[in-house]
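Think of it as A, B, C and D in the order they're written, each chain with its own count starting at 1.
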Amino acid sequence: MTLQELLPKLFPAGNTVTVTDNIVSGEGRTASGAVSVIGTTNGTRLGIRELLALSRLFINVLRNHPGQPILMLVDNNGQKMALEDELLGLNQYIAHLVKLQDLARRNGHQVAALVYGNSIAGGFIAFGLCAGDTYALPDSNTSVMILPAIARVTKLPLEYLEELSKTVSVFAPGVKNFFLTGGLREVWDGNLNDCMDKSFCRDQSADTRDQLGAERGGRPEAAKIIREIMNA
Amino acid sequence: MNLQNIGCNYLEASARKRLEGILDPGSFRELCPPTEKRISPHLHYFDIPVAFDDGVVTGEGTLDGKTVAVIAQEGRFMGGAIGEVHSAKIVGLLRRCLAKKPDAVLFLFDSGGVRLQEANAGELGVAEIIRAILDVRAAGIRVFGLVGGSCGAYGGAGIITGCCDALAVSEEGRIGVSGPEVIETNMGVEVFDSRDRALVWRTFGGKNRYLQGQVRELVEDSMESFRQAAIRLLSLKPDYSLDQLEAEQKQLEERAEKFAGCRDAVDVWRKLGYPSPENIPSLTVAELKSEGGAK
Amino acid sequence: MEHLEYRMEAPDGKTVAVKPFSLVGVVASANLEVMLEIVPSEKACVFLIDTAAKGFEASWQAVVRDFMDRWKPAGLKVSINDNAASPSVVSLRLDQAYEALTGE
Amino acid sequence: MNADHKATERRCRLERGAAFSDGKFVTPEKMTALLETVIECGDIVCVEGDNQKQADFLSECLAEMNPAKVNHLHMVLSTISLGSQLDIFEKGIADLVDFSFSGPQGARMARMAATGKVKIGNIHTYLELYSRYFTDLCPDVACIAAEMADREGNLYTGENTEDTPVIAEATAFKSGLVIAQVNKIVDKVPRVDIPAGWVDYICGSPRPFHLEPLFTRNPAEVTEIMILMAMMTMKGIYAKYLPRSLNHGVGFNTAAIELLLPTYGEELGLKGRACLHWLLNPHPTMIPAIESGFVKTIYTVGSEIGMRDYINTKPDIFPIGPDGSMRSNRAFGQMCGHYATDMFIGASLQIDPQGNSSTATADRIAGFGGAPNFGCDPRGRRHCSPAWLLAGKESYEGTGAPPRGRRLVVQIVETFHGKMEPTFVESLDAWELQKKAGFELPPIMVYGDDITHLVTEEGIANLLLCRTPEEREQAVRGVAGYTPMGLARDRQAVENLRDRGIIQRAEDLGIRKNQATRDLLAARNIKDLVRWSDGLYNPPAKFRNW
């Protein structure tokens, strides 16, 4: 779904969202008040420039709109893979943005991320997986690495991986597979405005994705081991 | 030069050996030890051998008498890659800290990032680790990262380093998101030759990360240097606040602006004011620090 | 992967351990990890081997037999994750693990 | 009778060449044309290809010659390591070769030999080939490489002198032409390594001659198995025989010994009693032993990249001239290795039950290099030393032979190498290669009866003490580990050999496996070597991780 199709569905009452250099920002109106919208579009790769711009948007909401819910609209093709960005410490720029999302939640903002396009590798961690809750549209795409690349790195035949990906969710790209690991709270279908409203009523104080993964069967061990070590 | 100076190096020590060397002697207690055999439930699909600790050692001990929770990744098992069990052990230990309230957490990084055979679980695991680290920091417990293993801290691990309170890194230690081969593939070998080791280390290595302000302690590659640096880090005050993140924003914006267009660490170091930046790779840590005073 | 199991008994075997378990080696390429645990009140030693190199049953058996001859241990549970190590590396790791377990 | 034919011919060649040179000096663009003019069909042409230094530019020019003009050349080369050296054959310019070593081009060499593109005269050891330069294989034209030339044509070959003196002397004193490529043309050379009078043409090469860091072994890659083998060797052989002079091969197994000298060697009391005089390229892994005072002298057959500054501060140890820089000489080095060392220790790819060893495989023609001259008993040796006498005593005592000495020739190998390739085999691939390539003899590197000791991770076999072929075979099988050849041992016979001390295991030598850790290495990585050298060793970028 394109951003232009998405926004009216999320905010039937209207929005002031604009796009500058693939960075999405503005407010959406809902029955319960204004929602800050921070996002990216056109599958932009997240480099230092994009990460700083997104971070500035978070700081602005934290400073000027205390408590306002934040909806992150996610569409990226991963982190930027460029020498200049790595040279200057891209990891730190990503971590900085991640901490702002986390601090926003701690400071009383509801922070929900919605993957409406792509979300890949470092881009998904930078912008999506570190929100209070992460959601996705059914036709969106989440992946760490595409199968041909996995085949190259693991030296396994692509046909084998393709066959395996039909039954083993833990490595295969796609929203359905990622949902099973517990990484997505829900896949939003139907009335997106309702979905969003409902998400902003959730208690985001605990990370329960390990339990979701256990319930859904995508991560059979994680929750058990976490508990074991906590109680050891 | 004599034998004593060779010391016990950190780079090639195993994860358990590093913990032995960093912590107070005899104080380490492993949680979820290898005898539990919590092995990866996924690797068998790929016909890959498992490890009894899934490539990470977790536990508790003391450092200079202070209680610390510790995580040490084993870079030699699958490049320290983060999979389901690996990340769950780390998350479990971090969550345990909320109840046990140690003085600090030490995270000994040695990882190329997400384990591709368990890509989804690993990716989510990284996010859970970040969340748990920030929970711990929000509770006033400091989290320090040590980077000096052969795999450095790349991908998700590189991002996690940026979520710690402070880092101690040897010049052999590397931090980044995309690895050298990925940069070469994306930009062409004429821009970045991933087999040029000197270039790789000057880009990702501890010295550059220290000089650009990402790393608090640059240390020589020895167990004792890392231990002493970790002890020094213990005196830092916890701070995870909007003010601190705004200061970081300013710092990162200044860096981006000041070094815009730099394509080699030598250009960065020249702009930092070092008179002979091309000599920096051959300086010892002590020489570099005195050079910094002289610049 | 191939799973192999052996159960062997050394005549007059005896093991005095100084710690509950020992672990040596890392599952890296051409390397392996060997974990030794004491099973009190057992005479026989059990070897549980998971190896990435298929079809080397004969070498494994020879290496394990020589280990039993060399040390004459008792009541050991030996767990091995192997990433195609050579028999000499396997043999070295077994010795290292046994020396670590018994403090020899 | 007229005996000045070659000298007359030489004058004709020089007259023809004058059209392409300015006195002795030739520009790079004109070099191929010059070579086409001065070289005649059927000439014996030597291209300097040393272990390290390569006359690569001249070799490329040779390969660019027009085969219609110049053909049927007979090449003599000590080392074939560049593609261009074989291109000369591929293009039909040359068809016959006599050489010593072709490791880096071994596979292509085998293919070209099989299709008839290359006809192999003989494969030599270095000393043999040099000797033939002075007897029946005198070069008509020699292409050599030097660091600098002065305006008169004197050459400075510096630390990488290697083969140049032998080639230049053999050629210049048999009316041949000597053509040099140099990295730099200067007003004054630091010293004259080759006098101008021996040199006919000089070309400032468009780029410095090719040089490989062949002798740099990164301590980071030394494994615990190598350390265990090194410990057994040091305790079971070095401490027993106390060899005063020795040569180490270039592999990791011997690098491990070098790195253990300051630690385990010190503990064994070797310092000052053994390993005093060495014949070696300057291995960087020798730095800790040198700094710890183990080493009195090192004579070098060549240099090593990055070692120059370190070497030049140590004139007591290395052969440093009055100008302050080192000179190496492969011919003299090979001579030292043959006559003046108590011990040679190196590795091999395959060993058979009689102890014969070879690096040949069925699809590679790799040659011999210097190993056969080092890996044998020099029967012409007459001077005595304790190690030589003890080895001789063990070898000949009770056999009725008069008392004599013997050099220690030690093979140190893991029972498996590479991807689980057994080192110990029932039959060497050399036999198969002989059949395929039509050699008169199988290319055996070191004959079994020249080997005195075999060291593997399983133990040491002292072949000197074996008195029958059957004993010898069981001694070899008894250290061959879990290879099929090793498993085919007679277990009882091997235990008997062990009782007699012919086979020694680590435990027989009092070595615990847990001692064999990398903590025992005096340097664990390249940076440690730089530290040991006080910053004087300057490793190439590919060995750095800083």
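Keep in mind that, in the parts below, a residue touches a chain if its C-beta (ideal position, glycine included) is under 8 Å from a C-beta of that chain, and two chains touch if they have at least 3 such contacts.
This structure is a prediction, so every number in the text was calculated from the model and none was measured.
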Maximum centroid distance from chain B, chain identifier (CA atoms): D
Identity of the most central chain, Cα criterion: B
Distance between the centres, which are taken as Cα means, of chain C and chain B, whole angstrom: 34
Distance from chain C to chain A - Cα centre to Cα centre, in angstrom: 46
Centre-of-Cα separation between chain D and chain A, whole angstrom: 60
Whole-Å gap separating chain C and chain D, where each centre is the average of the chain's CA atoms: 41
Chains that touch, pairwise: A-B, B-C, B-D, C-D
Interfacial residue positions of chain C with respect to chain D in the complex: 53, 58-59, 62-63, 70, 84, 86-89, 91-92, 95-96, 99-100, 104
Sites on chain B touched by chain C in the complex: 14, 16, 33-35, 37, 44, 47-52, 74, 76-77
Residues on chain B engaged by chain A in the complex (per definition of touch): 31-32, 36, 38, 41-42, 45-46, 58, 84-85, 87-89, 91-93, 95-96, 99, 114, 116-128, 130-132, 134-135, 138, 153, 155-156, 158-163, 175-178, 182-183, 186-187, 191-192, 203-204, 208-209, 212, 214, 240-242, 245-246, 248-249, 252-253, 255-256, 259, 261-265, 268
Sites on chain A touched by chain B in the complex: 48-49, 52, 55-56, 59, 62-63, 79, 81-84, 86-96, 98-100, 102-103, 106-107, 121-122, 124-126, 129-130, 143-145, 150, 153-154, 156, 164, 168-173, 177-178, 180-183, 207, 209-210, 213, 218-230, 232
For the chain C and chain B complex, residues of the former touching the latter: 1, 20-21, 23, 26-28, 31, 33, 35, 37, 50-52, 79, 81-83
